[in-house]
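The structure follows.
Every chain is named by a letter (A, B, C and D) in the order it is written, and numbering of its residues begins at 1.
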Amino acid sequence: MELHGIFPYLVSPLDERGRVRADVLARLVRHLIDCGVHGLSPLGSTGEAPYLSPAQREAVVAATIAAADGRVPVVPAVTAFATAEAVAEAQRYRRAGAAALVVNLQRYFPLDRAAVRDFYRAVAAEVDCPLVLYANPALTGVDLTPDLLAELADLPNVRYFKDATGSTGRILSVLERTGGRLRAFAASAHVPLLVLQLGGVGWMAGPACLLPRECVRLYDLAVAGRWQEAWALQRRLWRLNEVFQRHALAACVKAGLQLQGWEVGAPLPPQRPLGADALAEVRAALAAAAGEPA
Amino acid sequence: MELHGIFPYLVSPLDERGRVRADVLARLVRHLIDCGVHGLSPLGSTGEAPYLSPAQREAVVAATIAAADGRVPVVPAVTAFATAEAVAEAQRYRRAGAAALVVNLQRYFPLDRAAVRDFYRAVAAEVDCPLVLYANPALTGVDLTPDLLAELADLPNVRYFKDATGSTGRILSVLERTGGRLRAFAASAHVPLLVLQLGGVGWMAGPACLLPRECVRLYDLAVAGRWQEAWALQRRLWRLNEVFQRHALAACVKAGLQLQGWEVGAPLPPQRPLGADALAEVRAALAAAAGEPA
Amino acid sequence: MELHGIFPYLVSPLDERGRVRADVLARLVRHLIDCGVHGLSPLGSTGEAPYLSPAQREAVVAATIAAADGRVPVVPAVTAFATAEAVAEAQRYRRAGAAALVVNLQRYFPLDRAAVRDFYRAVAAEVDCPLVLYANPALTGVDLTPDLLAELADLPNVRYFKDATGSTGRILSVLERTGGRLRAFAASAHVPLLVLQLGGVGWMAGPACLLPRECVRLYDLAVAGRWQEAWALQRRLWRLNEVFQRHALAACVKAGLQLQGWEVGAPLPPQRPLGADALAEVRAALAAAAGEPA
Amino acid sequence: MELHGIFPYLVSPLDERGRVRADVLARLVRHLIDCGVHGLSPLGSTGEAPYLSPAQREAVVAATIAAADGRVPVVPAVTAFATAEAVAEAQRYRRAGAAALVVNLQRYFPLDRAAVRDFYRAVAAEVDCPLVLYANPALTGVDLTPDLLAELADLPNVRYFKDATGSTGRILSVLERTGGRLRAFAASAHVPLLVLQLGGVGWMAGPACLLPRECVRLYDLAVAGRWQEAWALQRRLWRLNEVFQRHALAACVKAGLQLQGWEVGAPLPPQRPLGADALAEVRAALAAAAGEPA
């Protein structure tokens, strides 16, 4: 199986007592699949994994997989400091039915390149599904440079990477060094259509929760080589990415979903809900995107 | 009760299967108390909390409190991303017998000042013991500026702070702005004796695991106003702090304890044990400190 | 006149006594024009302006303009801390025959957004030619965010920007916010072809000194919409950009030119010439690019 | 001659046409000497050297030396990107009568440790007076680590260093590694009295322009070992340092001098004068310091 296309990074809706709202999540999952998304990624950055207990994380993954019901692949993100924790979590999600895994290493004490490499090797050795290596140094303190990604691409189940630095040239560097063996997913810091033009296979990110049809259409237009229409759409969608870059990601996506009527709750404290100005920016960006007639 | 003096930041010894080696930890705890330390702080940075599961963290705290047996206060560190997690953990440690708590907020998504303040307010409201607010922006991504600390000092159980930035003037700023209401503990990035000269009440850090007698003596000399002897000792001890600044903290303390015969194991992966050069630096720094005749 | 196309960022060749080697520079200029470049930019980052005295800077500009002899526009870069220095330098270069100017603000003390805006406004008011605003926060400490560029785009002669951050999405943001009024030049941290696909008008940078024909061909293919050939060429060229990102820019370009037989000398001390490994990388990257049959 | 004591970092007063106001500077110099300062440092950070032309820099140094009239040593700061520029400037200031020189390397392209070392070696070899090596990585991009300072301390005229990082332990590290051969000056980011307690020989910085008597008294009390009085004074003075850390240095010192009636003008554009709030902070900090009865 090859992963490709639009993978919304799901939010994690909790009630006031900290219980996962599986009902809300299930409805959101079915809605997104109905809109044509190609897969789902719970517990990615948007999913606030560092703010969840192990039990909450498992409940989110289980609810997603149950609601997806085999219609699209579910690719949860493993976010961890310790190798042992990452391996255990990866195995749990895999047993729960994950098709593949995003793997996101966090740093407390500084890690040299060999330590980062060893972490990914250990996880890759202990799970039997494709892995998406996730580089988001601004949030995790760990960078996956093109050199390191090229080295890790030798592992048979290291198959994809997602770069969140916004430096689009890094994606070209990885594709060149790995002869295309490592495939790229866009993150919202990049212009997704540029990543697709570079040969990327899809886009994993929060905005697709809010604009699933438009994101799927962007991907379809790119695959069809209808670049002019694709660019017109991309330009309308970009404004939402800009909002996400200015404000905290989970707060933005949860706020946008609430504007759309989804009871996903606030970002988990001490994160704060968006203020009025930022909320207005989200609303305006969603309206701008809806200029799309398709 | 007023916290004061030398609080070793304990390591977290695990066996190969990830079980806390309570026996090793208990012997180390009794040894440190026998050497005169004034308290113990499990799960501080040196304790690798982000690399431990909730159950492992609890086992470390329980073993420390049991071994301390009421001879000195035990002040575990709560290290968390989410407010709810911090509150729950703080309450658990308090019920287990913690005399006070170090509180250390980690960041994934950016937090504004109000968010950091709300986090500490929430924790302070939900536990009934003194708190040590811990600023270590290099490791956590969260800074506690003098302004923010001054604001939080109004909470009745916010009583101490520990600054790990190395900017010693910040400590003076906090002391001045709070009229001394917030009391300072040195971290290893500072020259502890300078912090004591500024009016600090003690030193919480990893080196005291390796050199407990010397650290206690430094504190005693400062309290007695025997500054000349204190400075002679401080200069010998400083070299160990320098090693700690160059290399990862937990790796250094665990390596040093192993050199001294303590079976505390390696730092938790993906952290790597010190290389040969760094190990030689630790050995040399310990030897330099042992030049102390007292 | 509209600036467009390939503008090599020229090196500044000095002899051992610090005199500008106008003869070498003139031959290089004529060679580059013969290769088809659309303009020339002396004193850009590659030109080591911060390492030159005012007199050396003027000599570089004068030699370039003389050698270009009106065949292509010369667009020197003004690099300055002080507004007064920037204005005076801009006026001098303009009088010397500059067709337009790159303007690059450096920071010593922190500058707020209003200060940066005032700087650019002052320069724009005092010279009568088009300006290229240059954002290179890693080298100068000053960022020109899309918000600030959009604000400055109201000035009649602020017509172009060059972004060196590598975050390609920023370029789209500026184009969107200014309705295309501000036109984009790629820098080497971006994949130039992606910038052209976004609507960028050219590429200003050091690699074009070394591979002028290939860079011009890349631009021509893009303008002709021959994207498949353009991408094949871009992939071969990208490796040189990668080398430039790993090593100091001026050292790389001077080393590459020396490999090609140009006596441009070493980068100015305390910069050091490339070491043997880096030099081998430059040589390999040039060879990779030369795989181009065209 | 040994440098020691309080060295105000002088401002550079210019008139509207950019001419150095030698009259204002001369009066300020005489006033400061009358207040007991031990030396004067023109063109240090406070002196805005990066914002001045070579001719303006020379005029500032000449006016300072003339006004000092041999009563105290004048120690201008050389601030440069290029080795050749630093050497030439150092030689000019030396010929003009400088007793010693502060040397401050700026970075445009990244410099490795060997490049920084070579720069300082070259300057030290070409001038015959004592040098104060200045580490201010936040403003210059160049760090002088304790390791590098220890290496450079072998040069006969490298005699002093000034550390502006605020990490007071670094000063102890340098003193320890050089066996005290390299002597320390405090910068305003440190608590000057702590640096004196560590064995530092003085304080070079902007606040001494505004509070020369108080700064001299602080030094005298420290030399006399009257620490209790010294600390009472230090605490009153610290508030001014805090203001300097929050706002741009030259803007603060020029604003404070203007409050005191000195016509030193505004900071050089694009720097902006302090806003009303910051100005109120300066005024309050000066008043707090004046609580000093001595």
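Following the convention adopted for this analysis, a contact is a pair of C-beta atoms (placed from the backbone, for glycine too) under 8 Å apart; a residue touches a chain by one contact, two chains touch by 3 or more.
Just so you know, these numbers come straight off a predicted model, no measurement behind them.
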Chain labels contacting chain B and also chain D: none
Between chain D and chain A, distance of the C-alpha-averaged centres to the nearest whole Å: 50
Computed distance of Cα centres, chain C from chain A, in Å: 36
For chain A, residues contacting two or more additional chains: none
Pairwise touch network: line, ring, star, complete, or other: ring
Contacting residues of chain A [partner chain B, same complex]: 18, 45, 48, 50-54, 81-85, 105-106, 108-112, 114-116, 118-119, 122, 139-141, 248-251, 267-272
Residues of chain B defined as touching chain D within the complex: 146, 165-170, 172-173, 176, 189-191, 194, 197-198, 235, 238-239, 241-242, 245
